[in-house]
Amino acid sequence: MPDRQPAQPIMEQTGNGHASAPVDTDEVLLEIKDLKTHFFLDQGVVHALEGVDFTVNRGQTIGLVGESGCGKSVTARSILSIVPSPGRIVQGEILFHRAPTADRPGETVDMAQLNPKGSLARSIRGGDISMVFQEPMTSLSPVHTIGAQIIEAISLHRDCSQEEATEITVEMLRRVNLPQPEGVLKRYPHELSGGMRQRVMIAMALSCQPSLLIADEPTTALDVTTQAQILTLMQELQKEFGMAIIFITHDLGVIAQMVDYVVVMYLGEVVEMADVNSIFYAPKHPYTRSLLHSIPKLGRKSVAGLTSRLTAIHGVVPDPYSIPKGCPYHPRCHDAVRGVCDTDNPTLHTLPGNHKVRCVLYDD
Amino acid sequence: MSQQEIAWIDRIPDIPEGPPILEESVAEDEKLFVASYLQLMWWRFIKHRLAVIAGVMFIILYFIVALCEWVAPYLPETSFIQYQLSTPSRIRWVHDGKLQRPFIYGVITARDLATNRRTYTENKEVVYPIRFFVSGEEYETWSLWSTDRHLFGIDALIEERSLGVVQGQGLFILGTDRLGRDLFSRIVYGARVSLTIGLVSVIISLILGLILGGISGYYGGTLDNAIQRLIEFIRSIPEIPLIMALAAALPIDMDIIVRYFMVTVLLAFVGWTGLARVVRGRFLSLREEDFVMAARFSGSSELRIILRHMMPSFMSHIIASLTLAVPGMILSETGLSFIGLGLRAPAISWGVLLQEAQNLRSVALAPWLLLPGAAVVLSVLAFNFLGDGIRDAADPYA
Amino acid sequence: MLLYIVRRILFMIPTLAAISILSFAIIQLPPGDFLTSYAAQLSQEGDLVDEAELEALAQRYGLGQPVYVQYWKWIKGIATKGDWGQSMEWQKPVAELIWERLALTVVLSMSALLVSWFIAIPIGVYSATNQYSILDYSMTAFSFIGLGVPGFLLALIVLYLAHSQLDMNVGGLFSEEYMLAPWSWAKIMDMLAHIWVPMLIVAISSTAGNIRITRANLLDELNKPYVETARAKGVKETKLIWKYPVRVAMNPFFSTVGWSLASLISGTTLVAMVLSLQTTGPMLLRSLTAQDMYLAGTFLFMLSTLTIIGTLISDVLLAIVDPRIRLEQ
Amino acid sequence: MTRKRTRTHAFSRREFMRVSAITTAGAVVVACGSGGEPAAEEAAPAAEAPAAEEAMDMGTYKEAPMLADMVSSGALPPVDERLPSNPGVMPNAGGSNGNYGGVMRRGFRGVSDRWGPTKMQDRGLGWYDQDLNVQPRLAESWTINDDATAWTFNLREGAKWSDGAPFTSADLLWWYDNDLLNTDINPSVNPRWQSGGETMGLTAGDDYSATYTFNEPKPLFIYETLRTTARIYLPGHYLSQFHLELTDDADALQAATEEAGFNAWNEYYVDRRWWYLNPELPSLGPWKADNELSNELFVMERNPYFPFVDSGGHQLPYIDHVNHRLFETPDVFELRIINGEIDFQGRHVSLDSFTLFKENEENGDYSVYLGYASGHTAIQLNQTTKNPRLREFFQNADVRKALSVAVDRVTLNELVFDGLLTPRQYSPLNSSPQANMGQASAYIEYDADMANQLLDGAGYSEKNDAGQRLWPGTNEPLSFIVEGTASPGTQGEDAILQIVKYFAEVGITATYQYFERSLYTEHFRANEIEAAFWGGDRTVLPIVAPWIFEGTMIDRPWGVAWGLYRSSGGVDPNAEEPPEGHWIWDIWEIMDQINVEPSDARRNELFTQVLDIWAEELPMIGYLGEAPKLVIVKNGFQGYLEGFPLDDTTGDEHLLHTETYYWDNPADHS
């Protein structure tokens, strides 16, 4: 990943800057094909995902970008098959290629077809695929100790005794650079700072050595310094454990620093995907461009401060019950073509360099 | 962000700012978005079908409270002398094999000489159709106007035999009590007292509980300690003797309803402690939460922190306890009567009616006298489902 | 924690003292004293009011003395000799009257409390996790009926139905042959055979409330991120619900459990009266109406003490189940 | 007991039955006659003595199997030795003699309800027969001198306490000397033991005779000896140990007193003297306490020394045990009744539930017997109330008459009481020797016009728009509060609320206020009461218990301050002397004459004068009376007869000697 040099300076703060995955990235780990997840509410059906396709290779880091409500988190939850009620995967495949272990050969599981409460889904969830959530403050049970919560995860997926699980836990806590891991074991979440809690979350997520880690805006709720530490930590751990990461964020800076390949989503659809350089240097979709535009720049009149960067794009994400006809982005699009964009939703075009975009501007 | 990163961002091609092409549709969207929060709440509420039914019930109940004289077919004190403990009138639709508007047959009463029980048999010769807006006993509504129209009833000759004691056929859709008074009319009149007075005390204790519990949990320390000891102390004052002492303190010639009102208000000053403790418990754990910390550090006023950040997170508990307090208030009426402090005849309330029915002979011989209990249950259900509906609709997490 | 408990217990002493004074004062508030009610009883029961006897009684119970003297005598008796005074109406030392009743009351209330929980928690959890299902609606409706019907009316109806439909008599806690018998295994079994009816009746009304609170609290917790975290870990759904959100949703329960014991005890009063149970409630009520000072005072004192201990237990329990709460502060 | 009864020449059993049947038949005839003869102190025990003689002819007396077992095991002396030489022979109201054994189940409401069990158990020197005449019981006979200042009672020789100790005149003296006159125990002497302000004297002639002397005539003294409510004898041989002046070991008594939690010996003594608190206390009644009344189940067991037999020579009582079971609310008690778990009881059986009881007779295998209650539905206007305007109002006889005729008694009766009562003033029952129809029916016709005229004529003619009469010369409505203890949903409350409505119809505003009984008591004792609603009873033998008629029974507060004046001799702080020439003075003077009038007929005549004043003045206003009184009698339970008045004075349902009741099949009721 030599192209990600511009992002390096951030890591100078930690004085520890490597960002390359050691695993062969050509082997496909996860394939998402035409995934549709809908929420069946009394007021109507919310089409949270309207046909999402992308692929994750082993060891690869994928960035999932978009504004709030565009379906990033639903995608993540669909992969884990923990879509909250009344949501349901209605169409598509989530093919997860499980690596072989001592007990069983490698297999391909369609997570979309599994009973979400069944044992196979549960063994993959947390074992092969794990997740780090956005809110480290509330993502841990307030009434159980850190140790108990991690040990539970280990006991669920690994065949080991309580003592062994404790040892692993301590080791994991040490790995995420928590001081005095034995002490942390007995602490409750409210006794830890936000950054520490997120480290705990990461430790828990990695405790079963998953092949895929989904990180749903893991640093949003943290201050900048801690953000950087956590990101660095994740990079290190990825290097060490060799897992693939799906990184969900609306922070393009983080994307630039962390990922290999970017998937841009808008209202439940993938509007553009490409490797990180193409996205930053040659964005194609008007939405991607306005996303990039919304990043504040020094020396230029800032439209909005950090706190309101999401509204920096003109207009707001439409009400989920009344998604506009045609291209869903057209009401906010500066390049919209009347009579075209407001009637037909374009298909995903493949441009050179595995760059895909969904916009009439690139119609052949 | 570092200098370099910004430089990097600068390389992004400029995108023209200015109005998007399809401006007007955006404006509409925004309106839609603003409207949709309330709308969403409404949708959620509508979705809770029972809540809607409860809401309708609630409206009907308070309509009855407002216009009980009109809804009741008879005055609550009118005794039909041959109809003591009459079974509920059978409302029929078919006479002589023909479908008709609802009617009742005339009822012949007789007394079993051995047991002294009255028996009631229908005389199929005499038909009394049930009509709307019939004229009956005269009454005055809200001291405003006087009329003899009632929502429904039958046209039957009623003759006053002695004061408030009448002879003749009546329509008793829920039967009569031991003095031959129409139970339905009495329940309707009873709603007025039962559904109003107690609410005051519920609200007072709610407010006190929120404020003192909130202060206690939020500030902690000495203030918390003091309030906790106060609560402990108040809680440990046994209620019954306290009420009895109060009874002795109130002047004896006080109007019974005013007296009852005073007692409920005084009870509210003892009754806030339960909610206060729960609120405190929640505050104690919430104030450790980072979002509260954050709000505090960012200089939000404390009232704002409490109202905006902490309160909503246990709104559902408050609504639940509130709706639970309503049956408590209706039932406490009967409990208070038990120790001579509640309402008593000639005042009419559901508690009074229930208390009068609260003996073995009513349960055994005239079970319809327990129907005021059904009114209590019905209104409790209405309050609770309505509360549930509102809670769920307003729930920020749902 | 231990330090905290010790400090709270020390705190209890002045509170108890204040309460004992207050209880005593409350009893004195209504006009008249035991002698007036006794005289009323005599004439009701067909006896002439014998002023001499009243005089003797006044002397015996120190009724003529100032209230503070009476109080001091009483409290001194308790502190120095464990003597709770004499019941004027029952003409027996208070201590002989109340212990068995208190024990029966606690047994009844505790079992009602436990039963109430055993019923309420699963139903509440089901209702919350299957919100708006038919079962949720019917459970809710059922629980409100339990909530809307006064306990004593329910007791009365059960009493009558048991007689007319099942031909059994559910009044009392013991069969006649065990009423006077000393405690034995057989007597305990006999009590268990009788206690379930009042227990259920007392439990039903509190169950309804508990279902509502469980449901509401759990609904608050179900959407919290930590539940999703646990789900993402691959925890089995049922275990997940019970281990995480239910645990947290129970906190308000713990913060009131100590009190609910005391309120259950008074809640059993009316049911106990209808079912003629020899628990504290009916005796307390009568001692109050008869102004049987020392008996009523002792009862009030006991109930208050129970409440205070209950509060302490609540606080400690809450601290145990919710680590966010620190007792030492 | 040394005398032997070995004569064996005997009547056959059949002959015996015939004799006893004749005796009782005679009694029944008299009972059916109206009124009844005057209570006869002269009536010697002659009428019943022969039966006893015949019993002795039978040979040895017979006893209950449970006692026979104890005799054969040596725990008890033989029945002949336990009975007096001349045991009392109880007439059996049912006609035939009974069977031994079984349990009688009843209900009670706690220690304060001690009179229920006590009325079954306490036995005085005499007791009423079916005609309400007094007959000798524990006393074999008595004589009085001409001016009724000396009463000599002859006791039954050889009668014994339940512990076997002889019952003699010493026991009367012991009570008199060590209890009545001991100021530690009795700071003052009850007026019932006094005449002319002086306490009576008591001297013992021999072991079996004692003479009470008074300095003024005391013709009604016999009625004070019928029940032991105020005691007339005490088991001195037992109680001495608790009496500081008589005990052998004063230190032990002191220690025991403290141990039991009492301040002084006299308190402890009084405690030990209550039969229901002290099962060890020797008894003369048919049963004695087996445990303390403060239990859930109070058990009474037969007294093996009870000195009475039936006409067949069977020692009474027939029933082995009486069990009183506690109940808290009437519902449980009523349920026990309809479940058939109450064998014999009138007390607490409420008329409200008449239909319930009747309909379940078969189911519960019992019968509802009807007697007459002495109570009346009545209100008392406190003519000495502290409010001067109200006092003037109440003291106006026309006002009281108006409030009497303002009420439609017939409709009230039908509406509230299903027509079971009779419209009447507060008056002696029809079955009372003092019954007076004129007084009973004075001003009872419903006449609202007359009521209005009377009120107008009394000066209360002004009314406001709402139709309320006003205090003369003001705009304030005339109103008063009626206090009472009738509880909700009862006929009592229905009745007073209906009466108040009738008052409103003639412009009188009255409000009914329920009070807990002790509060009510507090109010009337302090003369704080304006008017009251409390049924008037004691109408079976009003001469014996005339307190309501003379106004001294102030829980029927028609003239509280006056009543206090008479009962306290003017000492009570709330007492007030009635105005000179007031009719209440007339009543009091007549009552004073009655109290010293030896002639029975003359007393009745005098009492008629009191009733005449009542008929004209209506000191309290009665509306309905002659209420049926229900007595639950389990089928197979024999000995009780229907149709008797039930009143406190005559022992309620125990008038006919509970000890003679029995089971057809005792084995089914053990």
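Should a chain be cited, it is by its letter among A, B, C and D, assigned in written order, with residues numbered from 1 in that chain.
Keep this in mind: a contact is a pair of C-beta atoms (placed from the backbone, for glycine too) under 8 Å apart; a residue touches a chain by one contact, two chains touch by 3 or more.
In this text the structure is predicted, and so the values were computed from the model without any measurement.
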Centre-most chain, if every chain is reduced to its averaged C-alpha atoms: C
Comparison of A-C and B-C by number of C-beta pairs in contact, larger one: B-C
Farthest-lying chain, centroid of Cα atoms versus that of subunit C: A
Whole-Å separation of chain centres (CA-atom averages), subunit A against subunit B: 49
Chain centre separation (subunit A, subunit D; CA means) in Å: 93
Centre-to-centre distance between subunit C and subunit A (centres being mean Cα positions), rounded to whole Å: 54
Centre-of-Cα separation between subunit C and subunit B, whole angstrom: 27
Per-residue multi-chain contacts in subunit A, two or more chains: 138, 142, 190
For subunit C, residues contacting two or more additional chains: 30-31, 156, 159-160, 223-224, 289, 322, 324
Shared interface positions of subunit D, touching two or more other chains: 331, 335, 338, 516, 519
For the subunit B and subunit D complex, residues of the former touching the latter: 77, 79, 81, 84, 111, 114-117, 161-165, 178-180, 244, 248, 252-253, 337, 339-340, 344-346, 352, 355-362, 364-365
Residues of subunit C defined as touching subunit D within the complex: 30-32, 36-37, 39-41, 43-48, 50-52, 55-56, 60, 62, 83, 85-86, 89-93, 97, 156, 159-160, 163, 169, 171-172, 174, 176, 179-180, 272-278, 282, 286, 289-291
Touching residues (chain side subunit C, partner subunit B) in the complex: 11, 15, 18-19, 22-23, 26-27, 29-31, 131-132, 137, 140-141, 144-145, 147-150, 152-153, 156-157, 159-160, 164, 209, 212-213, 215-217, 219-220, 223-224, 251-252, 255-256, 259, 262, 266, 269-270, 284-285, 288-289, 296, 300, 303-305, 307-308, 311, 314, 318, 322, 324-325, 329
Sites on subunit C touched by subunit A in the complex: 223-226, 228-237, 243-244, 247-248, 321-324
Footprint of subunit C on subunit B - complex, ascending: 47-48, 50, 220-221, 229, 232-233, 235-242, 244-245, 247-249, 274, 277-278, 280-282, 284-285, 288, 313-314, 316-317, 319-321, 323-324, 327, 330-331, 334-335, 338-339, 354, 357-360, 363-364, 370, 373, 376-378, 380-381, 384-385, 388, 391-392, 395, 397-398
